[in-house]
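Presented below are the structures under discussion, each in the form of structure tokens.
Presented sequentially are two complexes of chain A, the first with chain B as partner and the second with chain C.
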Partner chain A sequence: MNTGARSNLFQNDLVVVNMGLASFGENLRRTGTRVVQVDWRPEARGNPEMLAALDLLRGTDGELLPEITTANTEAVSRLLKARPTITGIGRAIDLIPEMKKNLVLHAGPPVSWERMCGPMRGAVIGGLIYEGLAKNPDEAASLAASGRIAFDPCHHHQSVGPMAGVITASMPVWIVENTTFQNRAYSTLNEGLGKVLRYGAYSDEVIQRLRWMERVLAPVLAEAIALHGPIDLVNLIAQALQMGDEVHNRNRAATSLLIRELAPHLVSTKAGADKVAEVLRFMHTNDHFFLNLSMAACKSALDPTLGIANSTMISTMARNGTDFGIRVSGLGNRWFTASSPKVDGLYLPGFSEADAAPDIGDSVITETAGLGGFAMAAAPAIVQFVGGNVSRALAFTRDMYEITLAENPAYRIPTLDFRGTPTGIELTRVVAEGILPVVNTGIAHREPGIGMVGAGLVRPPMACFEAALQAFSKTFRNVTNPQEKR
Partner chain B sequence: MNTGARSNLFQNDLVVVNMGLASFGENLRRTGTRVVQVDWRPEARGNPEMLAALDLLRGTDGELLPEITTANTEAVSRLLKARPTITGIGRAIDLIPEMKKNLVLHAGPPVSWERMCGPMRGAVIGGLIYEGLAKNPDEAASLAASGRIAFDPCHHHQSVGPMAGVITASMPVWIVENTTFQNRAYSTLNEGLGKVLRYGAYSDEVIQRLRWMERVLAPVLAEAIALHGPIDLVNLIAQALQMGDEVHNRNRAATSLLIRELAPHLVSTKAGADKVAEVLRFMHTNDHFFLNLSMAACKSALDPTLGIANSTMISTMARNGTDFGIRVSGLGNRWFTASSPKVDGLYLPGFSEADAAPDIGDSVITETAGLGGFAMAAAPAIVQFVGGNVSRALAFTRDMYEITLAENPAYRIPTLDFRGTPTGIELTRVVAEGILPVVNTGIAHREPGIGMVGAGLVRPPMACFEAALQAFSKTFRNVTNPQEKR
Partner chain C sequence: MPNHVIILKDSYYDSVLLMRISREVKSLAGIEDAAVVMATPQNKSLLSSAGYSDPEMDKAGPNDLIIVVRSTNIERDKIESAIADLLKADRHIEESEHQPRSLTAALRTASEINLAIISVPGLYAAREARRALERGLHVLLFSDNVSIEDEISLKLQALRRGLLMMGPDCGTAIINGKPLAFANVVRSGSIGIVGASGTGIQEMTCCIHRLGGGISQAIGTGGRDLSDRVGGMMTIQGIEMLSADPTTQVIVVISKPPSPQVAESVLKSLAKASKPAVVHFVGANESSLDRKKNAIVFADSLAGAAEAACRLVGFTAGTEAISSIDPGLVSRLSAQLRPDTKLRGLFCGGTTGQEALALLSREKLEIRSNLQKDKTLRITGTQCVSGHVILDLGDDAFTVGRPHPMIEPVLRNERLHLEMQDSEVGVLLFDCLLGYGSHEDPAGILAEGVRSSRAIARQRSTELVAVASITGTELDPQGYQNQKHKLEDADVIVMENNRQAVLLAAAVLKQCASHH
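Then we have the complex of A and B:
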């Protein structure tokens, strides 16, 4: 800088570039100074432990070490190569590994009856009544607390369940096979909205519907699927994304496509016109019917990614209404949990935030696979259901490219000029960038026995990702430098 | 300007603001001068006759005269109040006013056999064979040329037909009733894509399909509709716009919604499982199945707007493959025509622009009602079918707000933050702004007997609008100043 330029600095008007905290710039702006705000945040929110953990996983060039990058490429390529396919419907006890009459599967990471939130307790009560293990809600609650019922996450049994996610022995389940890796995922059939088991309701109406689903819906659909042959869910979901679904909280197109695909075969079953009409009417009146298939598709696509050494890709996100939990590919079955957050939502008439249970359900498996909140740009109309506005929906998807490993060439978003959905959440980026996955979700009443109260948007707690990063870097160091073990 | 400033003009670098013709600016740019191009066009492209015609319809404030504005408000409010509803299916000869065995209805403005384009001749040939009036194509062509067959536009008989638009006496037709005004519109049932009558094909396969539609499809659907009750098409189209359709060349969502709406009732008909399965399979394999309903809905919504004195709203646009024609509300049944334009399109394998017939069909009634090309922002995925890119699809809809009278509160576009579709084309704005309606469309082979070759985008000829404006201003002056009659 020469003397002339230096003197200019003080002659000209001052323009300040403010990075980070906007309030610093605001103070200057009030004095009449021109301020340009730069949206900059310190890496990992400046947390020294996280910075140290990140350092350990990076080379001198600041990039992730090659063994991590290679593992992540393998993990996300398994996810992209998945070919989830509907192959049938059967009974939980006949299909789900280690399923038993006195076992209740639930959403999210492991949780005891004592720590269960209201809607999950409600669904367990309903499940025990449905199984004939209890005659009424009081008896069911006592039985659940007695120690004679075992509880386990769906995720530990190749299964997923929306909201409370309760699966009991007699329930019919979709069989979704990832034909690329020959692994299966199971999920119950969707009951509809409002007063339903998965939202914690257990009235007679709820139990009767479950019995009808077991007696009529499942066998008729199973016969139609057998007549049709396997149904490719990648193709169906890809089409639905062109039709305004993101297949988590908007499934109208996917449900419609499934109905038209199956209708000719439903008619050809031996069930008789009355039952087939009942089945078609049930699916027609439930725009969320496809949700459980979307979830099983994502579960079957993600399971082969769990347990790849050195991979920092997130293989599971799930919540039980008490805890939000994640699992990291390279860390296998270990859950990293934190308190389940509140949902920022729109409420049904007569309900408010005070009625809401914390975030709950396995349905966040859709976001984990690059759909749901990650694909909201494909589903602008969803903002009428979960809140927000269209430009925010587009921004959500754009943000998710910052924390993901790939763009899914099968799942394309028209409004983003057919860009693939952001896929494969990478742990270090979430922590380093401070950008949390965006999730859209239904909201259950916090008390058992009531049901759905709304829908909205939520982000997982950063604490899950921070704990996972710390564990990952510790494991990584121990493996690469066993001498330095602490 | 003081002397100092004036001297600065020649000291500083020259920056030129170029308005209008870009080539003037280009010449300067080549000399190294900085040029800012302003997108400005002289009103009505500077055409003195058009400027005089526009002047006559405007007050001293430059706005349209109050009697025209009032008439346009009435016209567009009738359009927005329309409630098209499916009420049934019947035979053309039993329903369509003045339908006769030896009458062939066709798309677009009136045209003689001699002036008909190839695909329309092909469809007439197929129609005469289907009716049993001719045994083979040669006999049919001779009969058509003999004077013993009458030809008339669908539009003169409360009807519309896509592409060639041929309707003959025995064909089944949808009955769509605009319940607000109790007028009806009729349209044939959609045959699918490829080798089909409406694209000018008339092979045995085409005729057999038409007979199956008459014998199986129509009666089974008619029975299902009777069981279901009337189907509100405003609601169905509104939903489809949230699901990526614009209901002209993208009808996948609307077709899906119709199938799921009717499926439970189809099952409950007396037709038997085999026939119901055939019907469901036929609809499932034809994503354009809803098109003819969309067209009848738009026709029934627009017919009550024709013949409102002083209104400059466009009540009809239609093409017969030889001429493109429009009708203006205030001018009643009078057609203003010009040569049908070429379509800018994507071609099916093995075909090119050289194979294409000019723009053809009544389906541009969708654009006339504010759908189709006018709603392309709702259907970004359509660019894969008709060409262009997503930002252009959004721009098309935005442009159409410049030449329309209203936004339809029932038909909302998610990506435009739920803005209503641009509705009610206003004649003087088209001519003054030089912005032509944007239309997306299928493309037929120019020879009879072949079928579909592609799909694309097209604009009507400005000459139709210029002729209509001239006629309107002449009529208007004669009525308001009868002394000055020329």
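Then we have the complex of A and C:
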């Protein structure tokens, strides 16, 4: 290579990368030279501590050290090999590891009752009433504050939940199995829009719906799934992406595909026509019915990537409405958190930014797995939701290729010439290039009991990634022999 | 007077764009002064020395944008919205096409990249250059403010990998016929150049082109390459590459005079190259050079070096010694002027200015200049002085917080008007640099400056002789002939090259003095 490069320059066509003054590149292009213009900005925003941490993990050529690259290849290949499959529906207490009657699972990183935001508290209140542990909201609130109720992130129990993400013992949950690694993920069944528990609503109407879901919806669906046999979610999501979903903020196609898949088996259940009609109507009127399955699919795909030594891939992103948290593959269970950001979005009539709770929910697991905002280019129909035009949707996805390790060969985007979705967020690239993951999300009212007020776009706080990078480089330095480092 | 300080967090823009925006903000009604800069430590200290202070400013970091405005009657939100519009207009262009944000990302999209042009702020430049070399890329580093320690380590790294490390502070190169940074469009041919000076390479390649010759490669090295500490590393590397290049038949080396040791190693490497060679050390004392050594031709000017190189590859037409000046023209011009007439040479190019100083000194004229080595004649700072004056307007003293006059030649007109307040000024001397990267109409701007200067002179019943040369070719985007006409329309005498322009000015001044 050494002598080659030297003698080759004068014999080969010039291919130039231009960093800085754009006119230098434009002029060269006018002479017919191929030029790649870099939209340059100071690496890691010029932060010297971050630069030092990055330098420790990379060679002088700017690429990650071989042991990190190897670990990342392993992490992302596990993610790509995942085969999430619906195998059934059961009760949380029977399925979720360490689930207890007095345990409430919630979205995001760990958070105490005292620090919970409004909608999260509302959902806890609703959950306790639903479980019969409290008779009314006041009783539920004092029980929650009493210390007799345990709180824990869904993520610590192979589970995920949208928005407040509350799961209590009696709730029915989807069982999604990643057949490649034989691990499972659980999520509740989606309640629909408007006044719902996940947005912190706990009125009678909310509790009644949850009871109906437990009594009617879950058993009927469970029977239909049993008749159908396991449903391959990779296949279903791949089709939905080609039908305009990104399976986070748009699930219309995936929901329809699921209904189509299950319809003949629903009819064959012993539930009777009225019940089946109720079930079908419920799914039909909720465009987000599939969301909880999309999330469980992503959770089951990502769990096998957590804890691969030396990997800088992000295995988890989640928020509880107070904090935004991430977990890095090579750092195992440690959460790196920062204040949950405000969502930039559109509001339902009668609501404004002043009503919005900070970003909340486990649904950002879809972006972590390369869907949602990362697949925005697949879902031009919802770019208006995030205040943009179609070219902006394409740009969002294109940007995400800059911070990801791979393209998912199963999930392809028609408008990008069937390029695979950007998959496997890599920590050092996020910090070095200053590109934050793009997340599509709903917006909850900041007060408990009101519900959804809008939807929009959000970026995680850079501080999570910076703290994770700092910790990673510290760990890395301690385990590798400092004598070996130049 | 009230000062407004506005900080925009995490909004990186390159400095040239910001200078343009600063200028547009300054032109808004009611604004006395304005600056739009990234909050680097240097910029912050510049601002505080200009009298701006704000606690928010102290907290801002290098990725934050600072806007300061001194104004009597403009409201803060008006400034904010004006700035937002100006910035938005530019970002729009950037967003129309997807661009990688780093070298690493660029290489992922195009692995065939073989050369990096780097013009990011000096603070970050060495880091980016090091990474490019590490990835096996040749580098043209336009940025200045890179330490000499970094330069040495970058060049050592390049040598180990057999790569070109052009710069820091390298403004011009032509590789495989492609003009890089501030280069002119010239014919391809068999003359290879290694140069430690941007405008020197420009003037030389244009002279060669106009004589009918062509360029194989023109390798820039950055102005410090032939210093004792850098030791000519890239000059020698360039000579070796040209020596191995079958297209190159003649090698030309140009630089400011190096120390004897460095000169020795450069000449040694030329001797080893076993190709005919021409050397020109701009501003060197001729007698200090051993003219016979190694059968290398030593030239006395950039044009002279071009002529020598063309002769060596067989282009003889027009390469005879043409340095003689038409005596009729000299008499006609000097007749209009008073005996005590003084010269103002205002140069946008450092090396063309250097050459003017050297040739005029050789003609025994006493020249005050910011390029002077002689301390008694050296100008420091930006105040006007009397006597014969040559100014390099690209000097740091003139370019702090402003664009280089090659990009914004109106800055030279502003200086010219200041100089015209000295009633002794009667001979003006200019360079006029064309090519990619330069202003789109430097001659048009200069012609305006000369016309208004002539009007000033005529108000006090004196005449003005303006002499210029154009560093450019008809292939340049501005077009040589078009630019020449614009100058001639303003009664500027356009000479064939910088040497001829300087010699004409010298002859006119000497004849004026002899009228006494």
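Note that in this section the second predicted complex is superposed on the first by the 439 of 486 C-alpha atoms of A that agree within 3 Å, B and C clash if a C-alpha of one lies under 4 Å from a C-alpha of the other, contacts with A are read in each partner's own complex, and residues count from 1 in each chain.
Keep in mind that, in the parts below, a residue touches a chain if its C-beta (ideal position, glycine included) is under 8 Å from a C-beta of that chain, and two chains touch if they have at least 3 such contacts.
Bear in mind that the values here come from a model prediction, so they are computed numbers and not experimental data.
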item	value
Which partner, chain B or chain C, touches more chain A residues	C
Chain B versus chain C as contact partner of A:27, first or second or both or neither	second
Chain B versus chain C as contact partner of A:193, first or second or both or neither	neither
Which superposed partner A:263 touches (first chain B, second chain C, both, neither)	first
First (chain B), second (chain C), both or neither touched by A:222	neither
Which superposed partner A:471 touches (first chain B, second chain C, both, neither)	neither
In the complex with chain A, residue positions of chain C that touch it	10, 12, 14, 16, 61-63, 94-95, 97-107, 109-110, 112-121, 123-124, 127-128, 130-132, 134-138, 142-143, 160-164, 175-176, 178-181, 185, 216-217, 241, 244-245, 247, 436-437, 477
Residue ranges of chain A touching chain C (in the complex, touch as defined)	1-3, 5-10, 12-25, 27-28, 30-31, 33-34, 36-43, 45-47, 59-63, 395, 398-399, 402, 432-435
Partner chain A, residues of chain B touching it in the complex	239, 242-244, 252-253, 255-257, 259-261, 263-268, 273-274, 276-278, 280-281, 283-284, 380-381, 389-391, 414-415, 417-418
